[in-house]
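Have a look at these structures, which come just after this line.
The two complexes that follow have subunit A in common; it is paired with subunit B in the first and with subunit C in the second.
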Partner chain A sequence: MSAAPQQLPLLVVGAGISGITTALEAAEAGRKVVLVEREPYVGGRITRTHHYFPKMCPPSCGLEINTRRLERNTNVRVCVNAEVTAARRTDTGWSVTLRHQPAYVNELCTACGACSPVCPAEVADPFNLGLARVKAIRLAHGNAWPRRFTLDRAACPAGCRACVDACTYQAIDLDAQAHEETLEVGAVVVTTGWSPYPLEKLPELRGGLDQDVIANVHMERLASPGGPTAGKILRPSDGTAPKRVAFVQCAGSRDVNHLPYCSAVCCLASLKQAVYVKEQLPDAEVTIYYIDRRAPGRNEDVLTRVAAMEGVRLVKGKVGKIARTNGVLKLKVEDVERGVLSEAEADLVVLATGMVSNLKLQAPPFGVLLDEDGFGLPGHDLGLSVAGVARRPEDVAASVRDATGAAARAIAATGRRG
Partner chain B sequence: MQRIGVFLCSGCGIGEALDVAALERAASEEKAAHRAVHPCLCSPQGVATIRAAIDDGSVDGVLIAACSPRAKVEEFSFDPLKVAVERVSLREQAVWCQPPNHEDTQLLADDLLRMGIAKLAKMSLPVPFTAEISDTVLVVGGGVAGLEAARAAAAAGHPVVLVESSPTLGGRMSGLTHLLPECPPYDVLHPNRIAELVAKVQVDERVTVYTSARIQHIAGQPGQFAVTLTTPQGEKSFMAGAIIQATGARPYDAGRLPHLGWGSSPNVITSAQLDEMLAKGSLQRPGDGALPKRVLFVQCAGSRDPQHLPYCSAECCGTTLRQVATIHQQHPDIETAVVYRDMRTPGQLERFYLAVQSQPHTMLTRGEVERVSGNGRGPLQVHLRESLLGNDITLEADLVVLAVGMVPNAADGEAVRALHDAKVRAEKGDSETQRRDAAALAEQLAHHEGTEILHLEYRQGPDMPVLKYGFPDSHFICFPYETRRTGIYAAGTVRAPMDPPQAAEDGWGAAMKAIQCIEAAKRGAAVHPRAGDLGMPDFFLQRCTQCKRCTEECPFGTLNEDVKGTPQLNPLRCRRCGICMGACPERIISFPDYGVDRISAMIKAMSVPEEFEEKPRIVALMCENDALPALDQAAAQRQQWSPWIRVIPLRCLGSMNIVWIADALSRGIDGLLLVGCKSGDDYQCHYVRGSQLAQTRLGNVQETLTRLALEPERIKVVELSHHEFSRIPQIFNEFSAEIEGLGANPMKGF
Partner chain C sequence: MAAIPALLPSTAFRDQLRRRGGESAARCYQCATCSSVCELAPAARPFPRRQMLLAQWGMADQLAADPAVWLCHQCNDCTVRCPRDARPGDVLGAVRSLAIEKLAFPGFLGKLVGAARLTWPLLLALPVLFWVTLLGLTGRLTPPAGLEAGWAYDALVPHSFIYAVYFPVAAWVILASWVAGRRFWTALGASGPRSGSFLGNLMPALVEVATHKRFGSCGAARPRKLGHLTLLWGFVGAAVTSGLLIVGMYIQHLPMPLALDHPYKILGNVSAGLLIVGAAILVGNRLGDRKAAGASSAFDTFFLSVVVLVIATGMVVELARLAHAPSFALSSYILHLGFVLCLFLTFPYSKFAHMLYRTLAMVHARMAGLEKR
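Moving on, here comes the complex of A and B:
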């Protein structure tokens, strides 16, 4: 006999800022929630972001409150290193299969850090988008929650048990196995977020071909104190401070050959990053090449601030090509304002690459209706909704808004508690 | 607490760096009823030893001397109604940041332990709060945000009362022929379904709708708001558990835009007026009633302009594109032109923009409109200062549409209250000067007269406080529905500039918060950010001197006042930040697990060596939301710093009571470091004004310090963000050096 829907937990898929929000808002209203995340920590993309616009404040500040809410609320069960592999509708909601990846480091871990120094294997740091190398066993990042180490098992040298021997708390099990679990849930909210549009798809802008042509997401890591350069903005090629930084807007977005839509956050990301550069390197020349400066609502403050900064130029123009000639990065710009084609040089180029819905890359098995770009559409019943960037390109404030509403939909779908 | 159990962990290097047996002896000196050392206290076996001591009744207070209070929270959580818990961060605050087996490290650990025991001894258990709680959600405003909020709350099973001041529901959306696409196909207009939504809400048996109605007053607190409405059917009174303010926005007053031709030509209209014409299918030039041949739209009319609205109104680009498409649908031969500064069509709206761009007879161009001239006869001249077409050029049009921005329909509660107070003072002030100044202030604030919307019976004002640009929210990035009035949430364009689909979504979000607040009230639990906290504030009113500081400083308007000025507590409005407790000069406010005497006891429990040369002592009062996490991260990286500092985490720096400074200095402590979060317009304080209030209070004591021959430099306030962990050693070491430079606290040894 199946349980009444209001007794069943809600399932939230993806624990970025949207998923965390949906889970917490429902849980604090008394509902049981299962929050599933494929990474070993919650927070998603915002953990890699140095500052939020327009307030220029660290995302970890709000995340601190959210992780505290998560760890103190017994209504939420957080499953990291897990994915939904199957789902089917039932009379009361959904029956879903969760696959838990092997827990090589389990909840006995105290994050004491004894394992990392003895680990002989290094890997490219996925948290820092490959800009640094880290030990195969490590804390994924400084504020990682749940606060336990993670092991890149594939990188272990054959037969190595150095970390196991160093751990006093039996927290490491190199032979851990994946396992599956079936859950009955009342409603599903999909908050699977986004991935950056790959640099490699922009070879005309030397994306993926040149170390000093980075994406906006890399700039966030360079500016962050927990990043590969401890917060110093340095050219990846030679570790020097750039004197001329160029931001190329709509790198992929608003382009029928790449992403036909506007990714909605890249203008503000670049304006924000211009502030990072100027605060750290006051003499640097910053140029932002844009089609339109899109800073809706109170975000206009960032544009006003940056436009008034000395040494920052905002140029309406589309960068058509970037080449490296005699060791110098040269940008071919169609300067729409003056109606001329011009050329500019830069030491560091930041491509404002857009957002790709993760539902386009790998949709969980709920049969979410997608538009042609992979954004989830409304129009399902209340038992399945999509929020955050999985729904549409939007910033954190809008994602939190939608994610809160999604929690209300899931509650409405499953009737009232008690 | 009576029976304190001290549970020491020797894991994570604690046992190797410290003499744990000595710490156990210290616990025994402090009269801990139960003491235990475990090699891994957070392991299931370690936690079991704590549980056993709780279950057999040998302890009612648990001191966990192990890692940071931010680590292993789930493991170290016990029934808050049965046992009080205090955490001492030996790992992060002593072992990881100090050299092992050093005398100073041991002294530090010893102090931290004794301080924790002293605090725990003064703690008590929360008393469950129960009260009759109303399930009803009051929604103020029947536009799209209010309608969706009503629908959402009703769908979750809540009774809803929807109040709308106009005679009909639907708000500004009712007048629109079409809407912008929200789903495929993205390149065409979609039908406006507002009438269906109105109908759905009207037939919903859980929703009671009052149109042509207003709020007369709202008293009480979340779960227990006593609402009285004025309706055409007479006065209606009922209880509500939470309130959603969805009062929308109004178009910016075009009368302030004479340079754009408003007022001088009838053929200059606003986008709102154009929508009215399009809805009736009667597009015409108001000057002569003729069909215009060329319609020109001026974007950012008032928006993105420091003289008018400094923000972007977020929906006007989309509105104009919708109107261009509608005109084209109704009159394919009319030419349309749009002059914009930046075309803002985020997401898939880009596809609609492209579709409009490719329409015949449509020109969209970037430019700055300097002025619009002309009168009712002949075409209007639109002068562009800078544009893609060239500088200083003039375009002609026979109808100009100003895409005016939006202004939130929110009353500035604090200003209304200031006006009211000024009027009273102008009447009954003590002196002629006071009466005159008050009259001048009242004059200045006169435009707030009669602007009340919610009519809250709150000492701090009848409406929500507004922040930058007049929006009534408080943390719009991370926690967009938070406001400074507990249980009252803003939704839709009153909260932030947004378009109709976003406002619809906002209704659901605000409904979620309203439902959640009602559930929390039923449990007597706090809402955000200390969600679930069961400890209620306690006011020992016999000693209250009616100074009113608590009623003034509470960021959430928790306290009302009686006629004498004695605070009247509304516990369900309380967020547990402790700012009132910091404000109170009589120290009569406390929480079961937090209070002035708890922190004073900690300060008194630390050892203060009499010989300064050897061991100066510094107390660091640190915000637990930002500064403490930064410290933890610095410690996790094994950064090292001065061993003289004793950290006391505070809920908010705003809860700092000046008496702690007096306690510390009179004990011979040489310096105090106050570490809070960023203040100002872009504040990061989860309680809005904490670090700012701490600074103000400190400013008030600096003079006293000088009088006592104490250098004001002995107290330092630092703002630290969550991510600035690398500054911790520098901040601590520099302050230690400064204190060393100042020499011993002259009160030492007295």
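Moving on, here comes the complex of A and C:
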């Protein structure tokens, strides 16, 4: 006789803020939960964010509370470095195959840091979106949890065992193998989140062609104390502080040639980043070029506050072209309210790029129905839910509410049967 | 206190615009990408973002008096980049076709050609029928017997017939264009102050027409610029050839038809070559990338078709004479004369009129300080 469904664990795919929330809500309601994450740490996109809007506080604080909850709660099993490779519907829920990536650094690691200094290999830091270089063996980022080093094995020089020799905890196994595991679960919640729209797709705005044309996600790293500049907002090209910073809203968003939808967070993200700039560089001139200023609810307070700041201008008009002429970035834009074309100069340009659903890029094998933009549709099957940005572009607060709802749905799915 | 001018939107104008291929205007959300990517927009009064708004609201009078509508060369850089696929290039094309109709003198001819989607068979057939009737009544529907090799078209249709028809037609077209052009010039004047002399600013505008320098700064429409310029110079060459032939016949008393290696003949055939190449590029461009080429309305297609028919029948006429096929030559010639008549008569009312309005708009832009950024 198969296990009654309410005894089967729930599976949450993706341990960003949505997945963590769903997992904790279900676990704290007494359910067993398996939380799967392909990165070596939990937290997803918010770990790369300097401050949340509208409160302008660091996400690390809330994330720490959440990882404590995960640590304490014996109902949750967290699997980092793991992906779902196969899934099959069963009478009681799902039969799921998990692939665990090789554990080159295992749970014996104490994050003592003896390995990194002896490592001879460097790679572009994926956590800092390539803005810095890091050792092949490293802590993925300052607040990484589980607090365990990670190794980019492909970067290792042939025959090198420097880290193994340096490790006094036998925590490193260069020959570790991937392994698969089959799990029976009662219900699945997909919280796979998003990826930033690639800058390279915006060559007319010099995206991908110019070091000083960055995306909003890069600005979060520049402003973050754990970032490549230790929190100093500097131009990537020459490391100087920018005097004129331009934000280009809807860069590749609400655009049939790119992402046709509004990503819902970029207006507030740019307003927030304008504050980063003005707090560090009070004399800097900040200009935000927009089509519409979308700041619903209490976010409107941020808009009002930033719009009133000295040295911050909000100009209605989408930037159509950016060129570098005589070494200076020039933005072509019509100032719609004044009805004139301007060619504005900037030292640093931030493209407010949108969110691409990871379900569109690489969907886990549950057969989630997607809308025309690649976001997951809720569907009628209570045993399969989608929450957070995997479902639609939304901010952290909305994702958390959504994820809580998904936990309730998954609990209902397993409670109803058996 | 100054009175606030009343806005007078016209739903009728919006409906007309929709029928002329401007229905995509409704999708515009005024982001202004179009104005910022336009290479022709003057910095002080950019387009086409504002014109898209006027089109959405149905502000017919503002659009009729707006030089921007004509400064646009429909290169479609804006359409290619428009995030809403609102196709500003096509919308302004539709606005221009309505402007031609609105400014036309007399109005009913503007409406007749404006409705080319329905009236095109009539517009093409009537001028041909006119020639058939004229030649029928004078007993010239068959070639005279005993034509010897080396005959000229004068033997089929005397030159006097040609002059009797085309000189009055040309006079009429000039009159109709003059009246419509004056209307447009007056409307433009109301849009802003002008300074300087008309003639002084006409010359640089004509140089621009002859070189297509502005058209060349457009990105998406490079092939169209080449085709358009080639076609323009083909027409200029054909017109010059016609003038030279009159000189040749009545002053130099040259024997007709001219030999193929006579300079006038060479000029004529080179012009014909330019016309064929230009028309082929334009037609090919329309059949290619639809977004960059812009949508084809019946109004556009009618004009381009008449041009192609004139060129094609012109070529056949020359070849038929060289092949010594008088009957075939005469029927081709009648078609050719009819299509040329159609091209002339519809000049002030078809897309052909852009030559008049765009030139005037460029002169106005110079006089009103609306030069490029």
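Quick notes on this structure:
To be clear about the criterion, the second predicted complex is superposed on the first by the 413 of 418 C-alpha atoms of A that agree within 3 Å, B and C clash if a C-alpha of one lies under 4 Å from a C-alpha of the other, contacts with A are read in each partner's own complex, and residues count from 1 in each chain.
We adopt the following convention: contacts are C-beta pairs under 8 Å (C-beta built on N, C-alpha and C of every residue); 3 or more make two chains touch, one makes a residue touch a chain.
All values derive from a computational prediction rather than experimental measurement.
Of the two partner chains, neither subunit B nor subunit C is touched by A:Glu279. Once the two complexes are overlaid on the shared chain, A:Glu180 sits clear of subunit B and of subunit C alike. By the touch criterion stated above, A:Asp165 is placed in contact with neither subunit B nor subunit C. Once chain A of one complex is fitted onto chain A of the other, the partner contacts of A:Lys321 are limited to subunit C, with no touch recorded for subunit B.
In the superposition on chain A, contact is made by A:Asn257 with subunit C only, not with subunit B.
By the document's definition of touching, neither partner reaches A:Glu345: not subunit B, not subunit C.
Within the superposed three-chain model, A:Asp381 lies out of touch with both subunit B and subunit C [touch as defined at top]. When the two structures are aligned on the shared chain, A:Val333 is found in touch with subunit C, with no touch to subunit B. A simple residue count on subunit A separates subunit B from subunit C, and the partner touching more is B. In the overlay built on the shared chain, the residue A:Ala230 is in contact with subunit B alone; subunit C does not reach it.
Residues 254, 316, 336 of subunit A lie at the contact with subunit B in one complex and at the contact with subunit C in the other.
Contact residues of subunit A toward subunit B in the complex are 24-26, 28-30, 50, 52, 55-62, 64-66, 68-69, 71-73, 108, 110-113, 139, 142-143, 147, 168-169, 224-226, 230-231, 254, 260-264, 292-301, 304, 316, 336-337, 371-373, 375, 377-379, 382, 392-394, 396-398, 400-402, 404-409, 411-412, 415-416.
Residue ranges on subunit C touching subunit A, taken from their complex, read 29-37, 41-46, 49-50, 81-85, 373.
Remark: subunit B residues 11-13, 39-40, 42-43, 67, 70-74, 77, 152, 155-157, 182-184, 186, 304, 306, 310-314, 342-351, 366, 388, 468-469, 471, 475-481, 496-498, 502, 505-513, 515-516, 519-520, 527-529, 531-532, 625-626, 629, 633, 636-637, 677-678, 682, 684, 686, 721-726 touch subunit A in the complex. Listing the residues of subunit A that touch subunit C in their complex gives 204, 250, 254-258, 291, 316-321, 332-334, 336, 339-343.
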